[in-house]
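Right, one structure below, let's go through it.
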Amino acid sequence: MDNKIAAVKMRNITKRFGPVLANDKVWLDIYRGEILALLGENGSGKTTLMNMLSGIYFPDEGEISIDGKEVVIRSPKDAFDLGIGMIHQHFKLVDVLTAAENIVLGLEGKLDLKAAKEKIRGICDAYGFEVDPDQKIYDMSVSQKQTVEIVKVLYRGADILILDEPTAVLTPQETDKLFAVLRNMRDDGKAVVIITHKMHEVEALSDRVAILRHGQFIGDMPTRDTNAQEMTNMMVGHAVTLNIDRPEPVDPKPRIEVKNLTVRSIDGILKLEDVSFTANSGEILGIAGISGCGQKELLEAIAGLQPVESGSIQYIEDDGSREELIGKNPLSIAEMGVSLSFVPEDRLGMGLVANMDLSDNMMLRSFRKGRSIFTDRKTPRQLALDVVEELEVRTPSVATPVRRLSGGNVQKVLVGREIASAPTVLLTAYAVRGLDINSSYTIYDLINKQKAAGVAVLYVGEDLDVLLELADRILVLCGGKVSGIVPGRGAKKRDVGLMMTKIGGKTDE
Amino acid sequence: MNNKQRSPLFHIAKRSALRWYSAWAIRGGAVLLALVVCGVITSQVTGEDPIAVYKAIFEGSFGSSRKAWVLLQNIAMLLCVSLAVTPAFRMRCWNLGAEGQALAGALAAAACMILLGPKLPNGAVILCMIVTSILAGAIWAGIPAFFKAKWNTNETLFTLMMNYVATQLVSYYCVVWESPKGSGNIGIINPNTQIGWFPSIAGQKYLLNILVVALVCVAMYVYLNYSKHGYEIAVVGESERTARYVGIKVERVIIRTMLLSGAVCGLAGLLLVGSTNHTLTPTLVEGRGFTAVMVSWLAKFNPIWMILTSFLLVFLSRGAGEIATNFGLNSSFGDILTGVILFFIIGSEFFINYEIHFRKSGEKEETSNV
Amino acid sequence: MFDLFSFLPRAVVQGMPLLLGSTGETLTEKSGNLNLGIPGIMYVGAISGVIGSFFYEQATGGNVQPLVAILIPLGCCLLGSLLMGLLYCFLTVTLRANQNVTGLALTTFGVGFGNFFGGSLIKLSGSELPSVILTATSNVFRRSLPFAGKLGWFGKIFLSYGFLAYLAVVIALVASYILKRTRAGLQLRAVGESPNTADAAGINVNRYKYVATCTGSMIAGLGGLYYVMDYASGMWSNNAFGDRGWLAIALVIFTVWRPNVGVLASILFGGLYILHMYIPSGMNLAVKELYKMAPYVITIIVLVLSSMRNKRENQPPASLGLAYFREER
């Protein structure tokens, strides 16, 4: 590699967001004719680093050079001029415009949509994409939108491509297709960077891997010279042996019974189809599935936040009496005496109010208590103090707005509040996403304690290793349907993985 | 692209937090600077020396006890409308319809005075005025709120349009109830019987208004900061998804808060008709519905600070009015000065929310003031 | 009897200030700026033109050169409204201030500015009436094609207006064309819908906001000028312009952000404004006020219906009213 001139050299790049150090003196080289995997946990600063290359952020310190020449990238336009194109995780598309209009957005010269459509068709034919240039973005599925994004970058003739977690929203087939395209581009002599935290993608696709941890550059090496274990170690800092505690369930009884549940999104898309299962008290039911196959809708339907098309969700008391939860909102569920806690995926956008302090956030669940028209501020404050102490939340004080806390501490505040109401059912979605190892274990412990206390826990997770070690049973969803329910003990990762991509998990081969 | 220049001259970052006294120091600085600019403009236009100008501004408000009372009355009315829009703003619902809501209240109050005046005893008329005007204001705000809650209709544009519907409605009734015939004006209502006129307290005509608004101010402060409703408003304003997640009925909070907002506007209209003016004109509210937006925003939606910001704006416009009469200028001069001062304060918010990093020889500097 | 041939031309002259105002505001709103300062800007545009032509008429003693008599007020008007637009942009785009508050402050300022200088001119002219009359300039502005009078009803309806009226229609159609068919229009729409995306696509968001808002302000300023010089026959009196600025904003909503629709819609609004004079009961002054309410009521109905139908193309630009800061997190 040393004899090649790096297409991109980043030196001593530092970026701060307020008190948070997102990138700390990072060095990175990107070469043409090579696929580089930028690997790191959530929150390790991968996206921030690449955003500085594509002109979204400006580094506080450091230098960038392209083909040996030092450059200043002040805006995305500068980046385009240098041949850098980035496909963001959150698509940068204007909903009310058509695909073609989005693709030519930001270019110069006379607007000639006809010629543009021709060129788009040419690119699509060359790589096997399917894009209708006249389709409005708001009518498109997620993978169609991603295709538009990729075509957009190719249309501009970018030769340094950055893809931010491109597979998170794709089916396995779509992923394979994408990887084939990326390999073609590499063979064309383009520099390709793929941001990911999935080890198997690194191994399957990349030529070289660079690893970030906590905003710092840890190292890079040819992919063939390393292995998953070594990369994991570099990513997390030390060897991980996932020794998650899994006590035997004590006296499990049916608590939530879901029958033939069907849910459609507002746009009329089928999100859950004929889903049936039972969650028991004192047991962790893991829910596995690739991103967007109905986990969110399932939890929200149980929590009373998602309108349901048909089916039933029944809450079963200890004495066997049943209550229907469908058609109720969170408030009426609570009024029925069902103590249901929900740790949603979007912590700051849903579970907490980012601009409010810890005490006020504690009040979200309890502010209605009592007859008075005034809120009781003492109890939530005490609860906040307790949570800070018991869960070791690092915060200047309980009067600090939660948006200023780090991801792990935010999650501790949220989980702390949710379990404080002594729930009988606990729903968690991606409870450890973006958290460091220590915080993750704190959360596992908390969940296990709830399980020991007889709570029925529904745990939606993306990391199969964790699910396999934590859950007593695993419900696998695939495209909104139940692919199967397997016992957590003794389940094989490969089998569960297969079930995630195919109903029942059996291959035809 | 110039490769010699390594980086842009400066770049702007959001401040993590500024202590409240620094923030208010910046705002105070902006006001002072604005006053200097206004003084310069005025002395340019009039040829007077700036000291005389400032003296005139001060005398416009405190020159005589009558002027001081007018000042207080104007502060009270502006504050009342500002208090009205604040709950909606806290919910991030831009109620720009305070003008119309107050007019609707005023119309209802005047209607009671005119139509019921000859038939009912004074006490009953006043009771009717209170009930109907508050109701009218609430309805005027409730209509856009209903559509906002139900179909997410843009409330900024809707409430704005409702202002002019109200204005025309009042214009219509001004002709219908004109007195004397052919004047197109209502004139003083019930000038002889004084039915529907609110009583003076301790011989001061404006004291009642001031006391009522002071009460509303404290009540609004407590409501927004300590009541369950106030908490719900804050949660809905920050994040509707969070509100739904904890079971707050967002639609209901929107409608309820806008109804409250309109009701307080209706109260302002009631006070203007029943206590201050005893008449109804399409311009009765004098643009307070719009000024209130600025008062509330400048005070960061805090009712107590709003006393200060409404004082500031009324003080300035009274002062500018005084300059206008003293130096033989047109009374609209006050609007120009008010505009200039607002621009300075609006601009100063930038320096509270953002900081500028200059990149000179790798060192960082901060600007902290205008 | 309803006289369409005298009604239509009057509706047109009523409508043209609104058309200019709403075209300007549409361009502005397409960039994501909700400029509630438009009423103030139209005042400033009008008074700037009046000031220019006042001094020109004074200097020449009423013997005006037609071309100069047009260019001076036109230039003053454009300059005055441009400065207002720049001020709005500086506060909301560069300093990222709240758009509603800034716009309302601008309206306070602009209306005050107009009435103050209007009042000063009235004093200067020593007139008995509370108004300034610029007959000479107005005659130039109102000059229509010489043969228009000979063409009967056709000439009356289509050719009887001053050049600014035709300019207003042309501007509206050009603005529509630019928004729909050109690259600049496409990028502008993207800026208003999603500044983030536009920025990532390499579009200079701030420049687009500045250019669109300032151009929009100048167009709106022309609306003020048209009102004084053509509609009001060169007579400025304080507050005569009234609430037409807000009506222009209403027109933006009514046309669902389409200036070409505005051409006819503005005439409709203008017609509603004067309809009472052509209807038997219209002599009743009270009913007149109710007719004036009609434009606002139908605007509200359009606003409600379009939100109920929830068709994506008919919604306000998605980032309308929001300041853009690239590094927001």
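When the chains are written out, they are named A, B and C in that same order, and each has its own residue count from 1.
Operating definition for what follows: contacts are C-beta pairs under 8 Å (C-beta built on N, C-alpha and C of every residue); 3 or more make two chains touch, one makes a residue touch a chain.
Computed from a predicted structure; not experimentally measured.
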Any chain in contact with subunit A as well as subunit C: B
By mean Cα position, the chain sitting nearest the middle: B
Geometric centre distance via CA averages, subunit C-subunit A, whole Å: 48
Euclidean distance of C-alpha centroids - subunit A vs subunit B, Å: 45
Subunit B-subunit C separation of Cα centroids, rounded to whole Å: 27
Touching two or more other chains - residues of subunit B: 14
Multi-partner residues of subunit A (each touching 2 or more other chains): 58
Residues within subunit C bordering two or more other chains: 327, 329
Subunit C contact footprint on subunit B (complex, rising order): 12-14, 94, 96, 147, 151-154, 156-158, 160-165, 167-169, 171-176, 184, 287, 290-291, 293-294, 297-298, 329-330, 332-336, 338-340, 342-343, 346-347, 349-350, 353-354
Of all residues in subunit C, those that touch subunit A in their complex: 181-183, 186-187, 189-190, 193-194, 196-204, 312-313, 315, 318, 326-327, 329
Subunit B residues touching subunit A - in the complex, by the definition given at the top: 1, 3, 5-8, 11, 14, 16, 222, 226-232, 234-235, 238-239, 241-242, 244-249, 362
Residue ranges of subunit C touching subunit B (in the complex, touch as defined): 34, 36, 87, 90-91, 95-98, 100-102, 104-116, 118-120, 123, 238, 243, 246-247, 249-250, 253, 285-287, 289-290, 292-293, 296-297, 299-300, 303-304, 307-308, 310, 316, 321, 325, 327-329
Touching residues on subunit A, where the partner in the complex is subunit B: 18-19, 58, 61, 63, 69-72, 74, 78, 81, 303-305, 329-334, 342, 344, 346, 349-356, 360, 363-365, 367-368, 373-375, 377, 404
